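Here the chain labels run A, B and C in written order, and each chain numbers its own residues starting at 1.
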Amino acid sequence: MTPDACRQFSLGRRFLERLPRGGDLNRCIEMFCRRAAIQAAAFSVIGSVSACTLGVFDQSQQVYVTFKETEPFELAACTGNVSLEDGNPIAKTHAVLGNVKGKIIGGRIFSETLVFGGELDLQELIGDPLTRSYDQETGLVLWKMSP
Amino acid sequence: MTPDACRQFSLGRRFLERLPRGGDLNRCIEMFCRRAAIQAAAFSVIGSVSACTLGVFDQSQQVYVTFKETEPFELAACTGNVSLEDGNPIAKTHAVLGNVKGKIIGGRIFSETLVFGGELDLQELIGDPLTRSYDQETGLVLWKMSP
Amino acid sequence: MTPDACRQFSLGRRFLERLPRGGDLNRCIEMFCRRAAIQAAAFSVIGSVSACTLGVFDQSQQVYVTFKETEPFELAACTGNVSLEDGNPIAKTHAVLGNVKGKIIGGRIFSETLVFGGELDLQELIGDPLTRSYDQETGLVLWKMSP
């Protein structure tokens, strides 16, 4: 079995950023991309959040089951990419978080996920940008690849 | 204390890929590398799997203890590298996964780990490729460095 | 809401390194950076440790609550960056670790965290280096950005 499809990029600008306290994690990354005219990127974040919403995809029901946490968590791992959805740069972000009691949660990051302290490492990717659209087979919003 | 050894690379091609549903995670990455003639790479993946096998190395017994899960999990974090073993590109992949019940598992990814939806970000590394071989002291298959 | 500030870098050298057994994870990375004259970097690590100390920031008390583990764990995810503190390259590293019993822990890596087997992927970043200093509002040691 081989990948369905792939797209090749060249490396654009590289940024380290201190994310703003109180901002929503995905919205911060997306707004930064809009301002910097970035259409594709790969990124990671380390830091902590004061609240978060995580989702795990229920593959049989084709819906995300979400978990909402209203207390502080450390972003123990956080990785994602930026591509286009309806012409706008959208961050798709996965993460693992841990709190002071040793509780660990993991999945896809949704809003609201509020930054307490965040350090973003973002690599701009230059090339024909990927766009997302709904995939009926999986129920996911996937990159549309040319056949 | 300093690193035993290191190797310097220049940056080759960068790919974003949609991994095929039903494929084995490591095998997909390795087959892509063979087709694209990639001998060294660093990568991350976000997405979900329909089943997975994870391993944690038992450092005193020098064997991997493996956990097999036959239900869906989200790939909350997944990082790895590609180097050569017996002349073939081999993916070494570590990950943390979470399911809809909030269960979290983590370790090294083994086969079978079946992609449901996966987005691979792979950076080709160009230079003298690293090769793996068995290390008697640890029981691991490690990069062989020149003295 | 937008990022407070960001800094743009160009891509320097890329290294894959086998970290030395028994070394402290952050100290190994920092010593490597000093020897290679690296002032800014982004990195990830896969591997395992024989002991570790993790911290989660208590946002109301403004202190790190630390967890010390004296048994082996797999580094299931590990990401960080290097910037300057008092003129020296300092690694800030977050990680998720799992053991053979399926226990999962996550947060910021502190010393002592002792490498059993570790593979470091480090990207040097070239540009005006970021420096860290104490931030009274959060209690964190954050990147100082120009206004």
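For the reader, a short list of remarks on this structure follows.
Note that in this section contacts are C-beta pairs under 8 Å (C-beta built on N, C-alpha and C of every residue); 3 or more make two chains touch, one makes a residue touch a chain.
Source: prediction; values computed, not measured.
Path length between chain B and chain C in the touching-chain graph (shortest route): 1. Under half of the residue numbers at the chain A-chain B interface are used by both copies of the sequence.
Here the C-alpha atoms of chain A line up with those of chain C after a rotation of 120°, rounded in steps of 5. Each chain gets a centre from the mean of its Cα atoms; for chain A and chain B, those two points are 21 Å apart. Residue positions of chain A touching 2 or more other chains, listed in rising order: 11, 44, 77-79, 96, 104, 106.
Listed in rising order, the residues of chain C touching chain A in the complex are 1-11, 40, 42, 44, 54-60, 65, 67, 77-81, 83, 92-96, 104-108, 125, 130, 137-138, 140, 142-143, 145. Chain C makes touch with chain B in their complex at residues 11, 13-24, 27-28, 31-32, 35, 44, 46-48, 50, 72-79, 96-100, 102, 104, 106, 116-117, 119-121.
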